[in-house]
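Shared chain: subunit A. Partners: subunit B in the first complex, subunit C in the second.
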Partner chain A sequence: MRKVLWAITLNTFRETLRDKLLYSLVGFAVLVIAASLLAGSVSLGQDARVIQDFSLTAMLAFLLIITYFIGTQLVFKEVERKTIYLVLSKPVSRETFYLGKFLGLCLTILVAGLIMAVMFVIVLFAKTHSVPTAAYFAAGAVILEAWLLTAVSLLFSSFTSPLSSAIYTFGVTLIGHGSATVWLLSQKASPVIRTILEGVYYIFPNLEKFNLRNDVVFNLTPSASQVGLILLYFATYTVFLLILGVAVFRKDEF
Partner chain B sequence: MSSKSQPFPGVWKQIDLKKVTIIWVLVFWGLSFVGQINYDSWRRYSPPKLSGVDYNVYIEPQPLSPTLAKAVSFGSTEFLADYYWLTLIQYYGGGTPNGKYRKLAELFSLVTDLSPKFQQAYQTGLIILPGEGFPDQAIQLGEKGKNNLPDSWEMPYYTGLVYHIYKKDYVSAAKEFQIAATKKDAPPITQYFAGIYYKEADQRQLAYQIFKTVHDTTKDDFVRERSGKQLLHLEMIFFLEDAATKYRQQFGRYPSTLQDLVTKQFIKEVPVSPLGVNFVIDPHNGTVSESRK
Partner chain C sequence: MLVIRNLTKQFYQRNEEITVVDNLSLTVKKGQVFGLIGPNGAGKTTTVKLVAGLLFPGKGKISIGGFPAGTLEAKRKIGFMNENPQFYYHLKAREVMEFVADLFEIEKTVATKKIDVLLKEVGLKDAKELAVRKFSKGMHQRLAFAVAQINNPELLILDEPLDGLDPLGRLDFKQMILKLKKSGATIFFSSHILSDVEEICDEVAILHKGKIIAQGSPKDLVKSSKQSLEELFVRSIRNA
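Up next, the complex of A and B:
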């Protein structure tokens, strides 16, 4: 099973590498990170700050776009091209197929994220001759967030069209980052609305947990317990999404 | 292109379509470039196009409300703060507003709402805003800065300057400088300035105490020398006012000039201030002050 899983993972990774969209997205992200040097030069001495904020936000934005546009198409393409019959006719369980797709895209995101992170570190180091430790943690958290949203997009794409699942995943991202606002709203609302909003707060992923980007400019390195909690939250929520996704995918009829 | 459908088939054959395309691309690119430059200069430097307005609406940024900006930032509030920071710099440095930079205070407020610890934004705002007609908003910004950056001596220091220069409120300025002086890394002269402001506000005893503390505790030679002179200056004033009170007890009125105190032998001579200013007395209430002449 492990061998099959690895084969599907690697195959998915290769498949995404063949997608020209990936190259243009990574290329554009690298360009934006490099361009933050220019933005920094007109910021009244706030170069380091601008480079850090622009680069980390560009990383997040482009990794999320990869998730939305490539992640949502992975399963759909297999079904549309009917290649899924070939795979599933072999001794490959649906669970393995689903997990392989997830891990393959995670690998793609990791590689793309690392390319962007390396560019970010080069640009920042070239300008300021130092890279705060917090920047590495923030970049890592961005990749974790993209991985979690990959699980979300895969879940949606297992029962709806790529466009719809991209829109839904975007919605989850928006709610996930607005979790603090949702909580504040719930505390001011009437009891019924409050229950609904609190439900939204607890059900949707709290993506702000992965947001270490705002701490980088002040070089606030997260504590070990904070990092531990982030990893634990990521692991539990992703496993929850994968179990849910597998359950839906198992019932799918092609 | 078929030769039958064209009126001049020979001509079309001779024209290299690829070259024509390149020429057209260049022509239209050039036109759009010139158009863009003209549009920009018209937008920035021409008088307002709307009647009855005294600002240039065309260069005015339209910032989102802080709540909306936070909601659409996907958590990247520092990034959005940077974006508005760059917008602010472009707005303030990019051309004439034909009147007031109406959005300046709003932009500073938004940037510091999105990034509450953005020290440079507070400092720039405290320097720029009062001069552009927003002294009250500058003081609000200073208050926000003091709350969000409680260890910064710059926040109360700069706020104190706004009170001094634009509000002429010396007591508030002195209070801000006293707060600034308690912060780590505050320049030694900060408390000295607090003394100056209290003196300006006619709170001489308070000013005296501050100068005394500064003089006795500072490690900075310049500050010690200046505060020593201020102490001597104030002691002279107290001395002259004391003599004037005795004069009144004897003659039922205050002296008309300080020279009267010498003439009636209350003092040997009118002291010379180490600050290089002359003293004058108010004959109505006996208050001694510096001559402004």
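Up next, the complex of A and C:
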């Protein structure tokens, strides 16, 4: 099973690497991160802070765009081009196929994220001659968030069109980053609205858990328990999303 | 080798139930070449997809070598070539074969040798390192035929293998299928090109609106009806 999973993962990774959109996005992200050097230079004594904030936000934005545009197309393209017949008529379970597609895109996001992170570190080092440890953790958390949203986009794409899937995933991103606001609103709302908003708060992932950008600004290296909790939250949520996605995909006919 | 019993498949379109395969039963014996023929929309491709495990039966059972269709055990026994086969554009012909060999968990050294033999047999030896996006339709068909045999399948399932090929391509393809037949392969294939079916098959079933309306060896069908297979096909469809 491991050989089959790896074959699908690697094939998905190679397939996404052929997508010109990926190169445009990574290239543009690298330029934007490099441009943070200019943004930093016009700020008054806040160069490092601006560079860190600007670069990490750009990194997150571009990785999410990759997720929205490539992640939502993964299964759809297989069905549209009929390449899914090539795989699913072979001794490959639906679970293995789905997981392979997920891991393949995660690998692409990892590579894209690492390229952006390297640029971020170069820019930060060029300006401040030091890179706080927290910066590495923050960049890692950005990649984790993109991976989680990859699981979200794959789940939506297993039962809806790529466009709808991208819109829904974007919606989950917005709600996920506004979890605190959703909670505050729920506490001030009427009982019915309160129940709905509390449901939204608990069902949707709290993506702010992956936001370590402020820690970098204040040079606060996350503790081992904080990192452990983030990893546990990511793993639990992602496994739940993958199980849900597989349950939908198992019933699909081609 | 392949046993289909009371197979029924329905699809839903605008809340309307459409029966595409209707209580179909057939048996393909080991070493037999079985042709499923019928006009467009008769349910041939749906039947083939059900056997390959790409669709789920509504009712009835499909057994491949004793295993239910769609299970990993059944899929290990089959080689499948779908209608108008497509491949990943980023791969070369050799890489497509290697990818499929990995899906069957075939050892690399064994796979490499097998890939060379198969690509030579289907006439793609020189196109081995060519990206499949540059392939013509005929080359796609040939590659799909090679891919379907990578695991030495006990049952080869071919959906319209001769469709869309030029006369030379069809002749080549027929010869390849006949060669496999001579070697004792079990083949289940769908087609609407009657002359090819007559030439290749040991047994045929005429499918119309999801039901088998005539079945037997082409020779017997022609003999008993005193008509050509084409005439019998047309009459059976019109009378059904």
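The rule is short, and it goes like this: the second predicted complex is superposed on the first by the 254 of 254 C-alpha atoms of A that agree within 3 Å, B and C clash if a C-alpha of one lies under 4 Å from a C-alpha of the other, contacts with A are read in each partner's own complex, and residues count from 1 in each chain.
In this text, contacts are C-beta pairs under 8 Å (C-beta built on N, C-alpha and C of every residue); 3 or more make two chains touch, one makes a residue touch a chain.
This structure is a prediction, so every number in the text was calculated from the model and none was measured.
Engineer: Which partner chains sit in contact with A:His177 here, subunit B, subunit C, both or neither? Use first/second/both/neither.
Structural biologist: Touch partner of A:His177: subunit B, not subunit C.
Engineer: With the two structures laid over each other on chain A, which partner does A:Glu198 touch: subunit B (first), subunit C (second), both, or neither?
Structural biologist: Once the two structures are laid over each other on A, A:Glu198 reaches no partner at all.
Engineer: Given the touch rule stated above, what does A:Lys82 touch, subunit B (first), subunit C (second), both, or neither?
Structural biologist: second
Engineer: Have a look at where A:Pro91 lands relative to subunit B and subunit C in the superposition and call it first, second, both or neither.
Structural biologist: Second partner only.
Engineer: After superposition on the shared chain, which partner residues are touched by A:Phe218: those of subunit B (first), subunit C (second), both, or neither?
Structural biologist: First partner only, subunit B.
Engineer: Of the residues on subunit A, which ones does subunit B touch that subunit C also touches?
Structural biologist: Shared contact residues on subunit A: none.
Engineer: Show me the residue ranges of subunit B that touch subunit A in the complex, using the header's touch definition.
Structural biologist: 67, 70-71, 73-79, 81-82, 85-86, 89-90, 115, 117, 120, 124
Engineer: With touch defined as at the start, can you tell me which subunit A residues reach subunit B in the complex?
Structural biologist: 39, 42-46, 49-50, 53-54, 56-57, 60, 173-174, 177-178, 181, 207-208, 211, 213-214, 216-218
Engineer: Inside the complex, what are the residues of subunit A that reach subunit C?
Structural biologist: Subunit A residues touching subunit C: 3-4, 6-8, 11, 14-15, 17-18, 81-83, 85-93, 253-254.
Engineer: Which residues of subunit C touch subunit A once you look at their complex with the stated criterion?
Structural biologist: Answer in residue numbers: 49, 52-56, 72-73, 75-76, 78, 80, 82, 84-91, 96, 99-100, 102-105, 147.
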